[in-house]
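For reference, chains read A, B, C and D in written order, and residue numbers begin at 1 within each chain.
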Amino acid sequence: MKMWDGRFSKPSDALMEQFHNSLPFDKTMIEEDIDGSIAWARALKNIGIFSQQELDEVTNGLKGILDDFRHGEITFLHSDEDVHMAVERLLVERVGDAAARLHTGRSRNDQVATDTRMYVKKKLIALQSLVEELQRACVIRAQSDIEIIIPGYTHLQQAQPILLAHYWMSFFFALQREKSRIEHAIEITDIMPLGSGAMAGSGFNLDRDKLASDLGFSSVSYNSIDGVAARDFILESLSALASCAILISRYAEDIIIWSSKEFSFVEIDDAWSTGSSMMPQKKNPDSVELIRGKCGRFVGNYMRFATTCKGVGLTYYKDLQEDKEPIFDSLYQMEMILKVLTQVLLTIKVKNESIQKNLDPFLIATDLADYLVKKGMPFRQAHKVVGKIVGFSVESGIALDKLGYQKLSEFSELYTKDVEQLFVWETAVNNRDIPGGTARSSVDKQVEIALSMLQQ
Amino acid sequence: MKMWDGRFSKPSDALMEQFHNSLPFDKTMIEEDIDGSIAWARALKNIGIFSQQELDEVTNGLKGILDDFRHGEITFLHSDEDVHMAVERLLVERVGDAAARLHTGRSRNDQVATDTRMYVKKKLIALQSLVEELQRACVIRAQSDIEIIIPGYTHLQQAQPILLAHYWMSFFFALQREKSRIEHAIEITDIMPLGSGAMAGSGFNLDRDKLASDLGFSSVSYNSIDGVAARDFILESLSALASCAILISRYAEDIIIWSSKEFSFVEIDDAWSTGSSMMPQKKNPDSVELIRGKCGRFVGNYMRFATTCKGVGLTYYKDLQEDKEPIFDSLYQMEMILKVLTQVLLTIKVKNESIQKNLDPFLIATDLADYLVKKGMPFRQAHKVVGKIVGFSVESGIALDKLGYQKLSEFSELYTKDVEQLFVWETAVNNRDIPGGTARSSVDKQVEIALSMLQQ
Amino acid sequence: MKMWDGRFSKPSDALMEQFHNSLPFDKTMIEEDIDGSIAWARALKNIGIFSQQELDEVTNGLKGILDDFRHGEITFLHSDEDVHMAVERLLVERVGDAAARLHTGRSRNDQVATDTRMYVKKKLIALQSLVEELQRACVIRAQSDIEIIIPGYTHLQQAQPILLAHYWMSFFFALQREKSRIEHAIEITDIMPLGSGAMAGSGFNLDRDKLASDLGFSSVSYNSIDGVAARDFILESLSALASCAILISRYAEDIIIWSSKEFSFVEIDDAWSTGSSMMPQKKNPDSVELIRGKCGRFVGNYMRFATTCKGVGLTYYKDLQEDKEPIFDSLYQMEMILKVLTQVLLTIKVKNESIQKNLDPFLIATDLADYLVKKGMPFRQAHKVVGKIVGFSVESGIALDKLGYQKLSEFSELYTKDVEQLFVWETAVNNRDIPGGTARSSVDKQVEIALSMLQQ
Amino acid sequence: MKMWDGRFSKPSDALMEQFHNSLPFDKTMIEEDIDGSIAWARALKNIGIFSQQELDEVTNGLKGILDDFRHGEITFLHSDEDVHMAVERLLVERVGDAAARLHTGRSRNDQVATDTRMYVKKKLIALQSLVEELQRACVIRAQSDIEIIIPGYTHLQQAQPILLAHYWMSFFFALQREKSRIEHAIEITDIMPLGSGAMAGSGFNLDRDKLASDLGFSSVSYNSIDGVAARDFILESLSALASCAILISRYAEDIIIWSSKEFSFVEIDDAWSTGSSMMPQKKNPDSVELIRGKCGRFVGNYMRFATTCKGVGLTYYKDLQEDKEPIFDSLYQMEMILKVLTQVLLTIKVKNESIQKNLDPFLIATDLADYLVKKGMPFRQAHKVVGKIVGFSVESGIALDKLGYQKLSEFSELYTKDVEQLFVWETAVNNRDIPGGTARSSVDKQVEIALSMLQQ
């Protein structure tokens, strides 16, 4: 027997029951469903639908169901088509008549939208903290790697020397924007649709503001049609998480490359690596590869629900039931990724010695040009002069830092003895003391800013 | 203890084990894994790695594991990182030493690629049959609805009268192409990578052709790097299923619209509808809405794995482990959709009476123009003449079929008495007896072609 | 001759020049490029790279180029690989030596990031205004359609009667959230990367805050690596526009369905419809269909760049050049859609008469149940009672509102004479006077809130 | 004046004309449109609509338009809403009355589907040849690099030694499957919808088989509704090209990594590289990065049109006009990518010396285990033994190939003097002489197979 089959002359086909059953995934939000129902019961009591005694029965009944669920003592039936109907059935079995009043003025349409928003909000808030943990790991790394100079890359070609700490801080600041996107998604999610009924508004004028405050919502939806139909909070959450995953995939790529024997910049701790079933020598940065690979599912989950929503008219259609699996998956997977990556960063071994061996004197080429500019040569001309010097170095096989100022002065008279100081890595790094630059002072300042951001 | 940690000094972190564990989803293909291992053992025996007795032990051990798995008698451990390692661990526990020889010359890299191909191929073949079932339902509908004339739509505006059977047959022929795409995906999947080892080819020269024939593969991969790295068979399968889902979503849309009170063309059987928790009068075409909505997950699953694959270098990276969940989901969901939709079509009630009421005389406008053309008027001029007639009908409120030939002749002298025969729906329909057209004879021919396609 | 080929021994292949040339699309932001260069020149003057006279020459030269571009008097060369190089080449030709100093301390990496942010920000701000225009159209419609009662739908089945104005207001409030997303995208975009150099920070310590203020940026990037590598502002903008397009596609779907002869709720104005090349009677809601269809490109543009960004390591790679086409397309197309849809709404003809004919007495079923609840019956029981009544109505062919209270009382004694008042549509509508509901008072309140939102 | 506005009382708004105008992109297929019209005119002549003289006029008129278009002598008007209407307008201007008969029995719905299929088919065939060119480049590389041994990678960790030729051949065979997908897309595209009319079939019974043969189609569509509504040929083409782009992105990734100073395996020719506007030393593998980055647009184009198609009911809706831009873009971009990549491969410099320096003795670890297996030790045990050896080598700092057989024998007595031969790279490579393996003989065989495939 269904709650809704008064007008039906035939039961659902068994395959249909299996097909449209959402319990396997929507039971994830049983706590929110029960909290929502308790608040709803209280609101019904305030307009006289429930007596105090009935309210107590219903409230206790619901709490008991949640308790039993947590202890694995609930058995769901094939005919429980979703978590809402399952809870209502259980409640009827436990408290009888009073339960039959609970759905007064409420529809599954506003109920499911409310539950989902509560669940998503809770999880997004938890993710914000995990993003902060990852940011903290970036700062810790920056502090401990502050003396290490690595090649900065563009196009995976060595470009200019930078502090490794500068690199970690770039991740910190990018994550700050990801956090801001999650924050905005929370704001959009934090609107209570309850009271919207099936779509026209509840036929019972309950106090929606009181309900919202009971359930921890910051505001109530302005329009019942929108309240029931809107799924933009899901899309935005999916998009915010996809953005975060894309960012992370870029840093994961670097770490994978840096873990290669050829780069040998870092070594991922054994606890976060795996070996090969066939090749005994292998130690693979599996954790970070999987993090990179999982980027696809965040993008895919967004795509999936975007496609589902496209062109679905108002107000509620069953199509929208497809909202939960992708968002639940993205929320769970991001939690895992953030936790794992934080640990990977905290335990990663930086192989300073092999990094230093790898620094290429060509990294100083820009400084050689800037030197000329500072002595008055137009930049384009300086760029060409240094291009010729580089060409000479390549052909002659004499490294840039071994040419000596006299050889350099053959390319431009502006080069004098002091040019040789440019080849001290620290000089090159500290020359970029512009705000946001890689100079020690500039990176120290970044760390300071970061710490104050984390304290807010 | 891992199979691969000989060179590791520290165990995996518990979170890492949870994070990269694929057993929850890859156990789906335990049958393929075990079949693959049995064939592999046989091949090893042929090159002398196993004695006959050891082969028997291993084979029986593996069969026993599968049997126990099917009876729910296998307990997996947290440390079983995937189905391959789990099966190997269980085998070691059961047959000891012989098991330790099984992985000779094999890598999880070629093993997982082989298992996945076997599983996907099996499921795609099953889906082909289900597509045919749906096609059969189209033919059955076409045969039973052959007398029913409905408005054909473009832009959801009534365009020209058609046979409802003609509409169903359009679905049949479109599905034929979906079947062809699944066929091609099967061909691409039906290539055995086993023997590719980790990536360079197995160090033991087993008879790969024999292996392929044992495992039901049509051919073996030409190159071990490609054998291990390739995931295009997953992408193509995902794309073929997405294509099918998109097609189905278009027909689902029509059925949803046709189920509205305003159209009232069809009524979905109670067994495939649901009601409302709040509104007692509601009967909703939930099954078809869900089918439409699920289109998103097929597209999303494709997208998900496409994004994962993008830019992943050769040969194997852990990123590729993300291949299974999307393809398993798409295969399962398409199975459900095809089964449900077939039943929906077979049981749908066509409401001929309300359809007939709805046929708009404007549907004949093209025929009115064609009439003039057949009497020698250039089409563009005829189109304009009928445009004026339509305008007059709208303004005057006199339906097109009530104007009479005399009124029509005021717009063009070419109209004579016989023009009125155009307003018999059957005439209009049967005028389109071009191959592929909506005339009864043409649709009969389509049914004939369809039946012969199904027999191939 | 390239600006960068000092170390090259061979020119680019002609096909390569064509392949990586971005001028065809990045010339769109020539104004931003020139404004950026003028500000940069001023900053260089402040640190002594330019004399006042050189600054004037360069500034006038750049202004002249922009002026000439606007008058179509610029000829680009095949060798101009992007807008930055094209402008620099032109400037060299016009002012000579001074031009050669302009690129001092700057890289195309920070230049292009700066230009793109300026352009995207400008366009997003313009779109916010256009969203507001569309919101205004919703309010205007709500005000003018405030008396019209339509069926509210779920599952495209008539659910409950609502005010058409209530429907339009749902669009208004949903758009408010879209505006908020665009606002957040603007915030993220409004950060100046200039001064980041190639990636390590400029070697010349210019005043970045002054530069930001010159160029209208609210803040400067905290880290040069992030400044150059970040493209999250593009992704977020694409996502915000995709979200907006998805929302719009849902309303477009309804309008297309409402424009069908079967629904006949609205008629799109001739100015926004088209006809058929073949069928003289056709009037198609093409504008709204195209709006719905274009939803795909917004989602696709997001997808496109998300896939491009995935796994691209730091800092700059040529892959990132693929950012411009999708965002430019989404910005332009959204502008068109918003403008067109605003006009469509403002000019749409609401066909009240046919709407009223279409209202189905079953719309009152929930009210019949609520009536019983208000008299003390538990809702689940009331739902079943009304289910039976509905079933009787369907079978007997007697419309719900024609049953009369005596017949109704056979199903429940609680029904008395006053139940018949429920069948006055206005009563049903006004019963839902909960905040956000469809009652006239509630919708009036929504309009009031909307107007105050628009004034902020 | 429009061709279709007979019943309209008001012209289109100028913004509407701009919005729905498809001429800017669909004029790309003017040749197909004109060829289609010439064939159509001939078919009309055969059923008596045209006289021979009119046919000649129309044919010559159409040819003249194409000719003028190719010489840039056609001026389109704002009111030309698409290429079909533009051509018809021009034809009317040139040949008058006869032109007005051309649209007899045809609709833009079947016309545009026919044109698009012709265009897409033509371009896909061209792409097949370009894929073959790229395959040829792989074979050429394999032949010239047949002596070069590189580390084979999994997880970007050195795994086993392979022939570089073996790597190139993996690309060859993967491309063979891409070609097969394009082939299938061609088959699906190669079906003529002409004669389907607006959707019900043409009212004039022309010879469709003759038309198909005139236009080079292999078959005609079986059902007019499907003929007009189907866009799966676009989706499949987009998907086939996306698949190809994803494959290419994986090889591009490797080439980018191999071009780094740290790997130094290859150097892209100057003609296919670019430099930096700021850093004089830089030589960037821009061509390959852009190829990798462009992968996103293929996936995005697929996504874009998949989303558009989802849930669009039958038969034609304006939404479908969005099919052209993505497929045109994917076709064009793939052409460029294939041409560029072919040249990049043909001209790439392989740096054998630095590759050889980079080969790590650990690459032999699997062989060390296989050695034990061949002497009777179970593989799992052998894997552990070698794991210990590897661990010893790492800790002691003595390279694997420097341990000597005596040291090895301390780990297992099975190691005897002959084990040292394993450390000759050629031995390790040639040990993998299984079909598909990396042994010289096996790779030679692959080249042979490849050449015979290219000759088919």
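In the analysis below, a contact is a pair of C-beta atoms (placed from the backbone, for glycine too) under 8 Å apart; a residue touches a chain by one contact, two chains touch by 3 or more.
As the structure is a prediction and not an experimental result, all values here were calculated from the model.
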{"item": "Comparison of B-D and B-C by number of C-beta pairs in contact, larger one", "value": "B-D"}
{"item": "Fitted rotation between subunit A and its twin subunit B in degrees, CA, nearest 5", "value": "180"}
{"item": "Subunit B-subunit C separation of Cα centroids, rounded to whole Å", "value": "33"}
{"item": "Length of the line joining the C-alpha centres of subunit B and subunit D, rounded to whole Å", "value": "23"}
{"item": "Residues of subunit D touching at least two other chains", "value": "3-9, 103, 109, 154-156, 159-160, 197-198, 256-257, 275-284, 286, 289, 292, 295-296, 299, 302-303, 306-307, 309-312, 317-318, 366, 383-384, 386-387, 390"}
{"item": "Chain contact topology (line, ring, star, complete or other)", "value": "complete"}
{"item": "Contact footprint of subunit B on subunit A as seen in their complex", "value": "2-13, 15-16, 18-20, 81, 84-85, 103, 106-109, 197-198, 256, 269-284, 286-287, 289-290, 292-297, 299-309, 312, 317-322, 325-326, 336, 339-340, 343"}
{"item": "Subunit C-touching residues of subunit A, taken from the complex the two chains share", "value": "3-7, 9, 49, 92, 97-105, 109, 152-156, 159-162, 166-167, 169-174, 177-178, 180-181, 184, 187-188, 195-206, 208, 220-230, 232, 235-236, 239, 242-243, 246-247, 249-254, 257, 292, 295-296, 299, 302-303, 306-307, 309-318, 366-367, 370, 373, 378-381, 383-388, 390-391, 394, 429, 431-439, 442, 446, 449"}
{"item": "Residue ranges of subunit D in contact with subunit A within the complex", "value": "154-160, 256-257, 259-263, 275-286, 289, 303, 306-307, 310-312, 358, 360, 362-363, 365-366, 368-369, 383-384, 386-387, 389-390, 400"}
